[in-house]
Every structure is written in structure tokens, then in C-alpha cells.
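Here come two complexes built around subunit A, the first alongside subunit B, the second alongside subunit C.
Let's look at the complex of A and B:
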């Protein structure tokens, strides 16, 4: 049925415009908007924006054992954080961590997505299996890794397996040389987050038009690596960029597994752990901790913008 | 109501708004559990913080004592995990800070006005407390905190295992290292100093004839003997004879009880569990001498009750502390002896404690008396960490002990300057 021929005939009469003046006060949609977003907005202000502002303010004060200081010290806290070595060392730790975890998680989640995408049976089951670890907390997973899988005693799971091959027990977390602790930290995070990024890649894979593969096949492209290299991977560029950005931000925020797996160490402290110890753990120096938080925030913003510039995050499809 | 409608405060929208607010009610309630609701017969409430003790029955005991207090409703926060300090420190900055809390005597808390002096409640019984406990809680003649328990820490060992290996009780740090080597088999490690090896750092310094700080509150731990002792520690760490990365740390008796190690550093609190599991096949000895002429060492840890000086009910909190930790001797004895073994800091209670009069507990009390060293109130959290980092850097990471001690000196001196100018 053509709609164009009947449209005029069926068009309803224009609604009668009310001649009464609009009532004062909030309109219905405005009221509903504030009703539903208001509480969250208040929460955002109270729990995010005020603390950020307060932290920036604290960073210019001598704030030991107090968050309401009165001694202004200018940029001394910034100087302290950038010169005491521990905070800058934590940035190196982060760089090592990010250099391992970002590409490995990217590759693993993409690999899982490709595998699950091509499955012809039990697809939902395998998606769930790989995604489920996302629901586990970092603290719980870290404790399982520490006390069960990578325990240094003879009945730790990894040591048991290594024992079958005659390898002596390894103290995975106590000994920094060789740095086996990276294996523990990286594997726990991989297990926890690979499933989430797999879902993102799955969604992107499902959006690739099958006609592209058909056309490629007609043009003689071999299925497998050639198709993946020249069709799948370029089509996943936007998702890959987003995944890498999310992974990098998540790496900056790494705390739980480092805190729970490495206690009383001077190594393996990413920035958030270092700031935690500065502000809460030992020193109770909220001024220095806040200065470190401001430095870290600026650094994250800078890296994110640079990454966006180089990888093209946010550009439209036409700019690919 | 249509989103395009001009009408707003009609009956249906009011009902929806009410329903929305009602839905938010439970959420508000979730965030409102400060532990201050209700009250005792007087309607007043107090909050107390305790770290989670490992001994079974302790949490119930503390809650039972609190419930027996008639003047206020006392709510207990039993804090699990290893972040008791962090939670306490952050809570003390807020309006939801505990009124009373357990901790160790530390000068920075007094200097920053976080804890109240308790002379008025302690004065009548001051002479009944272990003088060392009173000294470790005193600043400028005022006493801060009431000691609840003394916890000597020493080495436990399996007598039969040492006998079988022909190993005597180590008298020096070198002998301890040799014993660890001889006792190590493919199934059992010779020695457990804790997973990160920091639990013995005080004892190591004392046994090397040094101290954390001297009487003038200057660094006293940085000596040649301490550096030499750290090298022995490093040798032990790299030898493969130490138990590392055990599922439970030094404070838990399981490493010795489960046969993972022949010798373990632990506290007297674990003695009942160890005796139950191992019977008479259990001995104890202090941290052996680590330098020529230096005495062995026992760290007398423990916990004290403090009153938050910035709390809303300081007087009531002091009354509660007086009631529980000064007047109620039956609870103090129960707390010290019914779960793990602790030494009561009150002489009158310690003297009547029959459980500590014979056998291994009596040996523990003797080590406490002969070699026990107490907390130095000027040795604060930041300094504790600085010394722990010496262990991390020089023992576990292989840094030259002198360099590791130099690094600690910088941090400790910075802290000392802040505290004493």
C-alpha cells in the first residue's frame, strides 16, 4: 500500500491549540528529568566533583592527619611527590604493567571473540563461560590466585603441576628475582577482564557485513589469515581503539590485585597503590597524596588525548 | 502523563513522585548504617573498632562484653583483612569515627589530637599495670590508652624434628640459619619468618644490640651489626630453606601445625592451638642473639584501647573504657586467656592466671620477662614502614644493607623532624 497517496486523506486534524497560558513552574518532562537524574547528579557532585575539588585544594596544604588543613605550602607537595622517587617509580611500574596487559588482553579477547563467533554449537554456553569471571571481584580473585593457585607451598596448584616435572617449589610473590609476581598479576587480570572485552569484539564482529567476505571470496581471497588481515581487522578498528583506550584507563586504575598480592614490598606498586600508602596506609599525608592524584589525573588526560589523536578515537567512519 | 503535556503537578505525577521517593528510601537506609542507631538504657550509643582476631570466639566475646554495659549501647565494628590501620585512620577524620578503638601507642596520634589522655581513669590502678606498658603509653607525663593484652612473639619449633636432625635450639642468628638448612627436606622447610619477613624486624634490630630510636629520639637502628644481621637474613632468603608464600602468614599457627615448617615465628596467642595439635612436641625460644654480646629478643606486641579525643561522647567513651578495661577483671581475664593466650597487663590478673603458671605458657611468660621489649611510642607508622622497606630492599631484593638503611634514615629523619622539630 502506498502511503504517499493516502497520507493527505488520512492526516488527522491538527490538535486544538490551547489558548491558555502555560503554567508556571517545571514542565512535566523537566520534572521527570530532574526526578530521575537529580539523585544521581547530587551523588555525582557529592561523591565525585567535591572530592576532586577538595583533593586539588588539599594538594597545596600541609595536610598530615587532617583533611581540613590551614597551612598553605604552595607546590611543595608536588615537588615532594615528583622527587621522592617512590611515586615516579610507580609510574614505571604502571608502564611495565600496561605494556604487558594491554596488548595481551587485546589479543586474547579478540581471539576468544573470533573463536566463539565461529562456533556452531553451544555458542551461548561458551560466551557465558568466558564472560562470567567479569562478575568476580578483583579482591576475591586475587586471594584465590595467592592462596590456592600460586601459593608457594608444595600443594599450591602451580607448584603441584611443576612438581610433576621435577621443578622445585617457586615462591611466586615473595621473591622479586626473578619477578614471577608479574605472571600472577597479569593472569588474574586477564582472567577477570578478557571476557568483557570479548563481548565488545563479538558485537563488532557481528556488525561486519557478510557481503564483504563473499566479495572477497569471489575476488580470490583465501579464508583464514588473509581474510582476517584484510577484512576483519580493519573492520574492527573502531572497537579495537576503544578497547585499547579502556584497557589503558583500567591499567591506570589498577589497585586491588597489586594491593592484595604484594604486601610489604617496595616493588610492584602502581600509582594508585603508591597514593594509597601515601595518603592512608602509612604516612597519612593527604596533601602529598592529593598532589599525586592531581599529577596522575593530568597524566591520564594527556595520554588519553594523545592516544585519541594517534589512533583516531572518536573519528567518524568516513575518516578511517 | 504524556511527556508533551503541559500539565505537571496533577494527582498522578504527585503519586509517581511519592513512589519514586519511597523507592529511594531503602537506598538511603543502606547508606545510613553508621552503627549509631538506637541506644542503651540511656539512649546513648558508642562505636568501637576492633581488628579481626584469629582466635575463635573473640568476636562474640567482645560483643558480649559490650552488651553487658548498661550506660550506652556499644556497637562493635569487627574489621577483617589487613587494612585495619587504613580504615581506622580514614575513619578518624570523619564524623563517623569510632568513639573507642584498639591500636598501638603512636606519638603522631597524640600530636594530632586524635587520642584523649586517660590519666583520670588509669590513675587509681596505675601501679597494677606492667610499668613497661605504662611507659610505652606515656607522653609528657600523660597516659594515652589502656593496655588490654600483651602479646610476646618468639619462635615455636617441633622438638622431635629438631632432635631427629640433630639440631639444638639456636643460640645465634648464624645458628638459626644453619638449623634452617639442616631441617629443610623436600617436604618441609626449615624456618618460617612470615611471608614478607617483616614480622621479625624489631627483634632483629634488638638482637643485634641496637634499638629503633635512642633516648633522644634519634636513629639507633643503623649500626654495623644490624647491617651484618641483614646479610645473614639475605643468605637465608636465597638459600631456599625458608618457607615463603604460605597460604597463611606468621600470625597463624597453621604453617607449623600442618608440617610446612620446623620452626615458626608466631605470637603467644597461637599457643593453645599449637598445643592442641602437637601436644608436648612443641618448644619455644627467643629471637637469638645477632651480634657478639647482644641479648636475644622477644617482641612484646599487644593491643591497647584508645578514646577518640574528637569523638562526640568523649566522657562516655572514657567511662566505657574504664568499665571494661579497668573495672571488669573477669572480662579482662576472659579476653586474655579463654581464646588465645595473652599476658594480662594488670599484675593482679597475671598473677592469678593459672593457665600461665606451668608448662609451655610459663616458659612464654619467662621469655616475656627476660627478653621482652615493648613498643616505643615515638616509633610511628611511617617509621615502621621505613624499616620494613629495609627488609624488602636488602633481604628480598638484594640491595646493599647500608644503602637500604640509608634510604630508611632519610624517611625516618623526615618523620622525626615533623614530630620533634
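Let's look at the complex of A and C:
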């Protein structure tokens, strides 16, 4: 593999070298720098920077059914997105979602890590079991959740189990009052991602020096809650911060399970689902969709930076 | 706090809960519709329906075989392409002196602030103006330039022992030669970990394939699965057989590459 790629990638080399400078033996580090990073940077410009710039540009035009509009409308798309209510409602939906999913996933993945960490036998087995759902896609998991576990009718697993205790069938997804759909949405994501974050905590737990626990024991700290509160938790601070940040960003990008579980309903639409319908629904309003994307991006950047300030994320970048 | 037995019981109960959904997929995939939707909940199918497999692939409403094939092609090319492009760039940024390297690195870092999912509207606009909607290029190419993967490779190469490369360069290999002959062969663990993670996220991706795969011919397996949720006629046994088959490759990948995967995730996580 390496020989063929070498041949392919060096082909444009002579032309480029002769244009800049005569080749300086092995040196030529400027040329080499571009040889290595060039393909990536060109792709990054074309497929990341240009779309973002284009989107910002489109957001000031009336761009319905077209991506090359000519009618400049200033901030009207932004006004439309912020005043029609659906988009702002989606931001509220997201906030509720994040407020539930971030702490719950944090607690569950930490709990699983603490359990697995203490196991003496079959550690790898249990770790695999908890990690395995990561292999499953949101689409597949949504199908199981919607059609088998939380099906509103009699044959759903939840309703069957609840039926044993005399509980009436619950229409989990079919109406927003009471909002049972949150239970479905939250559990599906919890199942899919808890194992992944458990691995991060497991790695961090392994890095806590055992001397700390010994010293604490000598100082009279009781094993259990006290050592957890005063040793384990502070030692996990960096990982916790990273996990919370990753969870928050992941929550902002929530699309798959909402789209698949609640596609036809009008409630429970997070921002990306709303944008999907705005830009690619019947209206194909790329201008408004782009405005929404810009708002959302700014919002995410702001939250990320705020969180960085409060929790000190990124400050430890030099340590590694 | 908990005794050893208590710990195992608690862990075991959690593990069972985590396995229930997998069990349900298999159970439903091998049942008849009557049994899945029957009044009396059954934990085991009374009569295992292997015929569901052939029925799924013969079903004309959803081109399931085609979508599996698309996903396999997209998954492999996406993984190979990402590794190639991002590892080279990561190495260049970490190791090759260039006076503007820092500025370029910041330009890469900035893209991490803009989540890929948010840019699906502008990306779609670009890809459709290139005429790539419902095409393999449209599914694969825009995803190759991951700032995050490039960042991970850079961090990894910063920690790679310099002496090895220097020896190689003294022996007359340039950067390019040293990279392919020394650095890559000594980094296979890391490449394998990133490959696994990239393949999984590619296989499970939904939003982008949904946006791009407007013709059935260009559906990936996730889009095909999702189409079952909106279909009017619901064949439960086919849906769950399709779900089972869509998960199977990844579960196999998991079982074989577990160790690398866990290492890789742990490494990426620490660097946050």
C-alpha cells in the first residue's frame, strides 16, 4: 500500500519544487510541510471554510429553492428564524434535553466506571457489555425503542411489564401531555453513549496514584463516600470537564433519535431537526436555514467558551 | 461500601439491562409479526423464522442489499481516506518546521468550534452546486477533512519518539520516506484505533447520508432503516431483521478490535 501511494503522491512534486526553489537535499522543509498538510488544508478550505462562508452570505439573501440568489434582504432571515417561534422553541427543547442528558449521562457513566474498576474478575467482559451499545446506530436503537420497548400499544415491552402491575397502557410518543416522550428520548441516548464515556472515566481512574488512597486511609478517611468525595472526584476533575463538554456539544447536534422517534409530531424538535425541515423541507428555504445554522454555530461557540472559562477547559493543554 | 457479591450483583443487573435491547432485536428478527405484536408478551419466539433473512432481501420496497453495499463502500473509503489525509496533515503540523505552522494549526482548531452537524445546510448547498447529490463522492469526500482527526494525529505524533525518525533521516530518508518506512509502521496501534472509531462513526452516520441520499440508489443502510419508520405498511419482522443485519458488522468489529478501540477511546478522551 505504501509504495503505490508514495508513487501517486510524489508525482506532482517535481513541478512544485522547480517552481519554488532548487531542491535542498533532504531539507526543503517548507515544501515537505505543504506536501504533508496540503491535501488536508485544500479539503478543509473547500468543504469547511467555503460552506461556512457561503452559508453566512446566503443568510442575508432571499434564497428559496436556489443557492445563487440575487435578492439581498439584510437581517430578515434572522428575524424570521427568531420570531416565528419554531426555531426558538427548538432551542428551548434543546435546553431541556441538555439539562437532563448531560448530568444523567455523566452520573451513569461515572457509576459504571466505578463499578467496573472495582471488579476483580470478568472486568473485560462487563466493560465490553457496557461499551457494546456504542456499536449500535441511533437509527437502529430508535427502531427498537419505538417499535418494541416503548411502543404505545399492548405488545410493547414497557407496557407489558407495567401491565403486570396493573398500569394502563401509556402512549409514550403519541402526545406531549404528559411528556413521556422525554423518557424515550433520554433513555435511548443514555444507552448508546454511557459506555463510551465510561471508558474515559475508566482510563482516568486507572491514572489515580494508589498512594493517595493509602494516605487518605492513614488520615482516617473512611473508604466509600469519603474517599470518593475527597480523592476520586477531585482527581477526575479534568476528565469530568472534558466529558461534560463533549456531552454538551453532542447534545447540541442531536438529530437522529428526535427525527426517527418524533418525526411526524410537532413537539420535541431540537434545532437541527428544525433546520432540516426549514432548509430541506417543502419550502427549501436555504436563506432561513443558513441564518439558523449561523445562529446555532455562534451559540455553540459561546457556550463552549463560557464553559471553558468556568471549568477551566483547555488550560491544561500544555500538560500533554 | 458494597461487598464483593453485592458489587457483582449490581454490575450484573446493569449488564442485563444493557443487553435487553440487543436481545429484543434478535428475538423480533426471528419471529413472525403475529408473535411480535401478539397480546401475550413472549420472551422467546416459539418458532424461529430463518426465512426472514431471504424475505428481507427480496422485499422490493426498500433496496436493502444495495444500501448495505453502499454503506460498506462508503465506510471503507471514508476510513482509508480520512486516515491518509488527516495523518499526513497531523504529522506535518507536529513535526515539520515551517514558520506559519502555528497559524495554520489555529485555523484547523477553529473548525473544531463549528460542529459538523451544524454545517449540514451550507455543506448541502455546496455539494448540490457541485452536482454531487445522490452520488458516492457526495457521501464520502466532504467527510474526509476532519479537523478533529487531524488534531488527534498531531497530538499523537508530538509524543512519538523523535530519535527513531532522526536515525532514519541520518540514513538518508527524507520526511516522506521516514514517515512511511518508520513512523507509520511503528504507529499501527494508533492507526487501528482511529480507523475503528472512524469506521463506526461512518457506518452509523445518519444526517448527512439522509440529506445527500435523495435517490434510493444512494441510500446507506441507516437511511434504509429509517425509511421503515415512515413507511405506511409496517412489517415488524423485516424491520428488525434489517436492524439486526445493520448492527452485525459493527458488533463483529467490536469483538475483534475491542482492545484497540478501548485504548484509542481512552487516548482521545484524555486529550479531550
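Throughout what follows, the second predicted complex is superposed on the first by the 273 of 320 C-alpha atoms of A that agree within 3 Å, B and C clash if a C-alpha of one lies under 4 Å from a C-alpha of the other, contacts with A are read in each partner's own complex, and residues count from 1 in each chain.
Everything below uses one rule, namely that a residue touches a chain if its C-beta (ideal position, glycine included) is under 8 Å from a C-beta of that chain, and two chains touch if they have at least 3 such contacts.
Please read these numbers as outputs of a predicted model, since none were measured by experiment.
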Touched partner set for A:154, first subunit B, second subunit C, both or neither: both
Which of subunit B and subunit C A:55 touches, first, second, both or neither: second
First (subunit B), second (subunit C), both or neither touched by A:287: neither
Contacts of A:132 with subunit B and subunit C, given as first, second, both or neither: second
Touched partner set for A:29, first subunit B, second subunit C, both or neither: both
Touched partner set for A:199, first subunit B, second subunit C, both or neither: second
Subunit A residues touched by each partner, larger count belonging to subunit B or subunit C: C
Which superposed partner A:270 touches (first subunit B, second subunit C, both, neither): neither
Subunit B versus subunit C as contact partner of A:249, first or second or both or neither: second
Partner chain(s) touched by A:65 [first = subunit B, second = subunit C, both, neither]: first
Common ground on subunit A, meaning residues reached by subunit C in one complex and by subunit B in the other: 26, 28-29, 32, 35-36, 39, 67, 146-148, 153-154, 263-264, 276, 280
For the subunit A and subunit C complex, residues of the former touching the latter: 2, 5-6, 10, 26, 28-30, 32-37, 39-41, 43-44, 46-52, 54-55, 58, 67-68, 112, 115-116, 118-120, 124, 126-149, 153-155, 157, 160, 191, 195-196, 199-200, 202-204, 223-225, 238-239, 241-243, 245-246, 249, 252-253, 255-256, 259-260, 263-264, 272, 275-276, 279-280, 286, 289-290, 292-293, 296-297, 300-301, 304, 313, 320
Subunit B to subunit A touching residues, read off their complex: 1-9, 13, 16-17, 20, 24, 82, 85-86, 89-90, 93, 108-109, 112, 114, 187, 195-196, 198, 237, 240, 243-247, 260, 381-382, 384-385, 388-389, 391-393, 396-398, 418
Complex interface listing, subunit C residues touching subunit A: 1, 4, 7-8, 10-11, 14-15, 18-22, 24-25, 28, 36-39, 41, 84-86, 88-89, 91-93, 96-98, 101, 104, 107-108, 111, 113-126, 128-129, 141-142, 144-145, 147, 150, 155, 159, 169, 172-176, 179-181, 184, 200, 203-204, 206-207, 210-211, 222, 225-226, 228-230, 234, 236, 239-240, 243, 246-247, 250-251, 253-255, 258, 261-262, 265-266, 269-272
Subunit A - residues contacting subunit B, complex: 18, 22-23, 25-29, 31-32, 35-36, 39, 64-67, 146-148, 150-154, 156, 168, 171-177, 263-267, 276-277, 280-284
